[in-house]
Every structure is written in structure tokens, then in C-alpha cells.
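What follows is a pair of complexes built around chain A, which joins chain B in one and chain C in the other.
Right, the complex of A and B next:
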């Protein structure tokens, strides 16, 4: 089962990337996150008149990484629909959730690596001090954030079975995360309803936890944040797994899988 | 033999809405109450014009589309509601260049699709080699599909459809885009599948293909079944009708209309090829129209005049026109 998962994941990744050279992939994967990171950090620096941009570097790095994961997972069925392959997937006995995870696996790994690189480069540019950071804890927070993002991306991907407007949905999700998860605006400054909304979004807790590493670590609060983020990821995964069959049925009923 | 496909009073409607303010619903009856059965090991043809409902029927049979009403069973299971029992044992081939990964090789494509069917790795490897050989892609199996010609992509589609060794294979215009050799290869594959006891349901616009391959043929028009029988019996349906093909220098609308007015003529159509204009005339066998026809065609530079046997195409055209 694991062998099949990795085989499918690799073939999917190969199918997406084989047209590009290594240099092109590297340039695209690193330059885009880096430029975006610089943009938001410069914007924050001018808007909030702060010289210490650590919080923005951390928050936006996480956001970029997670956004890439959400887009990779969330767009699973969009490409398949566009190239006429969705029917082969639907008609095959394979579980549709496994397709989402297989297709998202390597792009997510690539996202982590490339954004990490962007993160370190951005940190050098904006002078973020890493000396007091616990690398093990930082990695743990990243993995937990990735898990929650995977669950969120999976849930969005399911919608791809019933709509061909996934680009709109994914872009909307991306901006919602940008506004509400604390990467660019402190959650504490948001209105009450928005603060509550931020709690059901992936990343809010991870960003808070990651920022804590650069300030004073409150172990109890940090553990609670990580458990909360994990729990949220599990909830997203459960909802995605439950609704995928229902959405598939609805799409088959409404003839939404293809243009008929 | 037992029925592996059972379709009874099957209907499928598509609802579209028009307008921004005053939304107007429009219902399209793509399939409008068709009934047929396909026996195990049979090659069954579904013929009809574009938009007749053939593809919609196939999509319902392969569990890709739910019926609006009626019964649609494959291998004894409902295609909507019990699809998990069907999917492992069927596959489909649709014409055209979509549906494969263009940035993977043919071999990688087949590995990918084999994984979708949970086929064991050793079995899949062996089968992939056999299928590549069968469709004549062995020597190009490791090239990216984006470098393939249209015909080669279509051969890969055929290979993809055979990857799970299906009991029933659904083919929607599978020879579209294939050169004559490729089309012959596909017909040979279909015959081999029949020898192995597999069931094939196919749609095609090529009548000679249906005539050569199918045990039985259903003709559908505007979502309704208008005929269902063996190719020979279908040809007997238009007994009493004879066919004439005339090659002339010019075929004006007025000329066609004059021929239509000849007593005993059932239908007239015309087409143009590099030699000139061909006029196809169907007339009652007991009416000798040749004398009157020659009078009408006087001074029209007749290059050839042929009396023809009734073909499946004649039957098809007549049935579709009548309905």
C-alpha cells in the first residue's frame, strides 16, 4: 500500500514537473516565495514602523509554505478535469482521498524545502536572529502546520469534484488565510468575530507557536497550540473523508464531473 | 449466456439555466427512455447521430453519470448506488487525445493507471509489456506522450482501457483519430477480446466498422431507440428499397428536387468528391425509376451510374430520417 502510494505520488510529481529543467524548478520555487516574503515584510515595516520584522518573516514564510500545500492539494481535480483525466479517476476503484494525498505529497515536500530556503534568505535580508531558536521545536511546529494545511487542502480539493471554479476558491482561501491567520495582522487586533473565525483556520496556532520561539516560550501554551493545530487538521481530514463520497455522488447526479 | 448490461426505460435529463435576472430553465432530454440488454461475450454497437444520446448512455453505464430515471445495471449491479461492485471489472476507451498524462511516458502512464486499479506490481509489469506490444507502442514506450502523434495517443488510450483486463469494455468512437492501420489494429483487438469472452459496447460513426464487428446494433435517435437487431436483420428491415449512386458534373438543388419528385423515390442526398458530385437515391424496388431518372439527368454529364446493395449506412440513414 505504501509502495503504491509513493509510486503514484512520484508519477504525479514527475508528470507535473518533467517539462522543466532543474534550474527552472529551483528558480520558480525559490524566487516566488522569496519575492512575496520581501514584499510583505517591506509593507509591514512601513505600515507598522517597526525595525524588527521577525514576526512577519516567520508568519509569511509559514503562510507561503502552507499556501503552496493548499494550492497543490486543493487543485488536484482541477487539472485532471481540464485534461480529461477526471473520468478515469472517478471510474477507477481507487479511493478519491488517496488521489488527493498522492498528488499533493511531493509538491508539499518541495514547498517545505523551497520555502525554508526562502525563509533563511529572507531572514538574512531582514536580520532575523536564529541563535536562540530551538531547531527541533521549529521543525515540529512546521510539521504540525503542514498536517493542518494538508487537511484543509484536502477538504478544498473535494470541492473540485463538483465545481470547476477551484481557482477562485483557492485564491479566496489564500487571501482569507493572509488576513485572518496572523501572518500579517496580529490576531489580537482583529474584531471578535474575526478572532473566532481565525481559530478554525489552519496556521493561526502554528504562527503563534513559531513566533513564541523568538520571544519567551510558554511551554503550556505552546503544547496547547500544537495540540489545537493537530486537532484541527484531524477534523479537516475526517470531514474531507466523510464528504468525498457524498460530493462524488452529487457530481455524478448533477453531471458536474465533465462538460457533457 | 446471461445479460451483463441491462437498461430499461433509461432516461437522463440535463437542466441548464439561461439569463441573469429572469432565470429560465431548459431541460434537455439526452436519453429518453431506452431499453436494451447486452449478453455476456457480445459485441454490441450503439449507433446514432451526434447528440443522439450515445455518449450519455455510455457515461451512465460506466458509473460516471446517474440516470434521471429507469434502470441501468452492469454485471447485475446498479451503476448509481452499487458502483463499487462494478468499477473494478469494467473500463472504457473514449476517442480523442485527452485523458492521458502528456508529460509522462506511455509506460509510466500505464503504471499510473494500473495503480488506480490496485493491480499487483508484478502482474501490472507483465500486463503493461503485453499491452504495449498489442497496441504497437513497445519501441516508443519510454518517450514522453507529448511527443506522440494523435494516432499514438489513441493507441495509448486503448492500452489504458485494457489495463485492468476488464470483463466489459465500453468504447466511445475509439477509432477517431486513428489511421487505417491503427483502426484495423483496434478492430483486431476487439475481435480478440470477443474470443476471450469479453463483452464490448461500442459507439462509432463508421458503419462498416459496426457491420464488421457487432453481433447486434442499437440505433438511437434524439435519445430514443429506433431499432435493435443484428446487422443482417437490420438490412432486411429496409427490404423493398434499392439504392442508386450517380456521379454527375453538377448537382443543383433544383436537380435534387426534381429527382425527389420521381414516383417511387424515397430519399435523395448529394455530396462532392474530387471526381464530381455524387447523388445517392433510395427508391422502392418495385418501381423502375431508371428511365425517368435518365430523363432528369439528361445533359448533366453522367460519369457513372451504380445500383448498390443495401448497406448498414442505408438502414441507418433511413431510420434516422424516418424518426
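Right, the complex of A and C next:
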């Protein structure tokens, strides 16, 4: 059972990357996210007139997961439909939550690695000092953040079963994260409704927690933020599973699984 | 006259075709709105007097460039996947005339991003907007349109050589926005990056537009920038003619028009 989980998870991840050569993976998964990180940090340096870009390096490093968690993962079910595998997945005698978790497992690890790379390159380019922070705690925050982001990506992926406007949804979601999760400007700048909305998005709490490591750590607040982020990831997975079940029922009734 | 009719008909058809694609609609309508919001929130506490110039022009130009990346640059490949590339290649109307009409249609339609960005800043933030030299601004926008058309044609021909157009389309978006100073002056970039920035024609187009908005006090400076833009655009035109001829020759010799 566990072996099948990992082999299916690996197959799904491999399927997402197989179209690209090693150089193209380097270009798309490493160089391009780094240029995006540099762009937003330079912009922040100019617009906020700051030379210490720690908060932006941290925030935008977390946002590097967008490529994997939103775009790669978010297009999963659309891809399954395109390749004609959707019917097999739905009729397979496997619990749907297992399918959801399989698809998110390796992208989650890849996202953690890309965030780490962002921190490393950000510290080199913008002179951010990571030596004074607790590395274990930092890794924990990153893993929890990527779990929530992966859950969000899976929830978006499930929407691919009921709409053909996934390009629009995925691109819009990436901007929503950039605006509302506090990576590029403080969430406190936003109106109340937008601040409340930011609470139901992944990364908002993690970015706040990671930034806390560079200032004074409030242990109670930090724990609360991590629990909140973890809970959010679980809620995304549960909602994703419920939607899959509903779509499955509707598709069986209407015989329209592959035509929306 | 015949050529003009071909350009006009291709332009109209291209506008209709582009607008029905969800990704293009995202780049044209949603992207400038979210980019303007993001830029405004980043700039609003910058203390700069003319920050709305960066916000509105930045949001609009980012949207315009996204439209070019995800439409004009991939048009030849799109024709290939629809199976119509060989038809427009051998049609009695010149192939490059059709490509010009397509790119012109996209660029004209994409100018809508500037209007949407302007309206977003005005409606959402009541941002103060003052164009000091409107006549020069019109001339600058005209020059920018020509500059974007030539760069689009070059990209469209270059991307014909690969079947992984989608990957490269994604990879050229942010680097050009960064290098051409769409949202901050290029002069804040490291010195070794500046030659690359200055070799890209949009850098000069953006300088012209920004100068027109803030006011042309020194006409000599304005016309010098316009002259440089004209020279670089000419180089791009020569490059696109060379690319067109080389690719035409290649596909005839190797019979690889539809397999790249």
C-alpha cells in the first residue's frame, strides 16, 4: 500500500517533468524563479527605499513555490483529462484523498528545495544574514508552509475537473498570493476585508513566522501561526477531496467526466 | 494596396482569435489590474512624488509585455498546432505580411492594458495623474508600439525553431520587465547588467514614455532617446528579415515546417 503510494507519487511527479530536458528544468525551475525573486527584491529596494531586504528575500523565497505548487500541481487534473487518464483515476478502487496526496508529495519536496535555494541565492545576492536564526525552526516553518501551499495547489487542481479556464485561475491565484500573503508589502496596509482574506491563504502565516526569526521571537505566536498554517493545509486537502467526490458523482450521473 | 488588405484582415482575425483565448484575456484584463494593485501597494509609502508614473505605466507595460509573450511570441507555434501553418506559409499573400498583421493586431489590442492600468489606479486608489507633455506622450506611445511590434516579430520567428515555445514564453516575461526598467529606472541595476538593458529596445521606449509623462524640458534629450530607439528598432527589423529568410530556407530544405 505504502509502496504503491510512493511509486504512484513518483510517476505523477516524473510525468510533470518528463517533457523537459535537464537544461530546460534548470532554466525553468531554477533560473526563472531566481530572476523573479531578484526582480521583486530590486523593486522592493527601490520602492521602499531600503537597503536591508531580508523581509523581501524571505517572502519572495516562499513565493518561489508558486511555480511548483500552483502551476505544475494546479494543472494536474487538466493534464490527466488531456492524456485520457482521468476515467481510470476516478474508477480506480483507491481512496480519492490518497490520489490527492500522491500528486502533492514530491511537488511539496521540490517546493521546499526551491525555497531553500531562494534563501541561499537571496542571501548571496542581497547580503541577507541567515547565520543568526535557528535553522531547525526555519526548516520546520518552510515544510509547514509548503504543505499548506501544496494543499492549496491541489484544491486548485481539483477545480480543473469542473472548469476549462484553468490558465486564468492559476495565473490569478499566483497574483493573489503575491498581493495578499505579505511577501511584498505588509498585510496591515490592506483594508480589513483583504486582511481577513489573507488569513485563508497559504504562506501568510509562514512568512510572518519566518520574518519573526530575524527579529524577536514570540514563541506563543509562532506556535499559533504554525498550527494555523498546518490546519489550513489540511482543510485544503479535505475540501479538495470533497470536490473530487462531488464531481465524481455528478460525472457518473451525467456521463460527462471528460467534457466538464 | 493588396498587402494592406491582407494586413487589415489578418489584424481583425487575430484580434478576435486572441480575445477568445482565456490566457490572453487574463493578460489583457486581469493582469494589469492585479499588477497595478501590487505596484501601488509597494510604492504608496515610497515618498516619491511621481510614483503613480511607475504604478500606472509599470502595470500597463507589464500587462502589455505579458500579452506579447503569451500571444505574439507563440503565434507561429499556435498556427503549427492548429495545422494552419503550412497553409499560411504557401498562401499567395506573403508569409511575413501575415505575421506582421497578426503581431500588429495583438499589439494594438494589448495597448488596452495601459488603459486598464490607468483606470485601476484612478478608480481604486484615486491616484493623481498628470501628463505634462501629452503631444510627446502620443509620439512616444507610437514609437513604443513600433518597438514592441519589431521585438514580437523577432521572438515569433525565433520561437518557430523550437517546439517548447510555451516554456520559453514563460521564461522571457520577467527578465525583460526587470532589464527594461518597466517599474523602476534601469540605472539602479548593477553596471554590468546595463549594456544588456540598453541593447533592448523596450528600455528606450519606456524612458521616452516616462519622460513625456514627467515633462520634456530638454528636447535634445528626448530626441536623442528617440534616435537610439529608432536605431535599435532598425537592427531588430534587419534581424527579423534575416530570421524570416533563414527559417523559410530551412523549412523548405528540411521539410520541417510542421515539426519545427
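To be clear about the criterion, the second predicted complex is superposed on the first by the 234 of 260 C-alpha atoms of A that agree within 3 Å, B and C clash if a C-alpha of one lies under 4 Å from a C-alpha of the other, contacts with A are read in each partner's own complex, and residues count from 1 in each chain.
Basically, a residue touches a chain if its C-beta (ideal position, glycine included) is under 8 Å from a C-beta of that chain, and two chains touch if they have at least 3 such contacts.
Computed from a prediction, not measured in an experiment: that's the story for all the values here.
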Touched partner set for A:7, first chain B, second chain C, both or neither: first
Contacts of A:255 with chain B and chain C, given as first, second, both or neither: first
Partner chain in contact with A:127 - chain B first, chain C second, else both or neither: neither
Contacts of A:185 with chain B and chain C, given as first, second, both or neither: second
First, second, both or neither for A:94, with chain B first and chain C second: first
A:231 touches, of chain B and chain C: first, second, both or neither? neither
Shared chain A contacts, counted only where both chain B and chain C touch the same residue: 19
Contact set on chain B toward chain A in their complex: 14, 30, 55-56, 59, 62-66, 80, 84, 87-88, 90-92, 94, 96, 98-104, 108, 111-113, 115-118, 121, 144, 146, 160
Residues of chain C that touch chain A when the two form their complex: 22-23, 25-26, 30-31, 34-35, 37-39, 41-47, 51, 54, 164, 167, 170-171, 174-175, 177-178, 183-185, 188-189
Parts of chain A lying in touch with chain C, wherever the complex brings them together: 19-20, 24, 27-28, 31-32, 35-36, 38-39, 42-49, 164-165, 167-168, 171-172, 175-176, 178-179, 184-185, 189-190
Contact footprint of chain B on chain A as seen in their complex: 3-4, 7-8, 11-12, 14-16, 18-19, 83-85, 87-94, 249, 252-253, 255, 257-258, 260
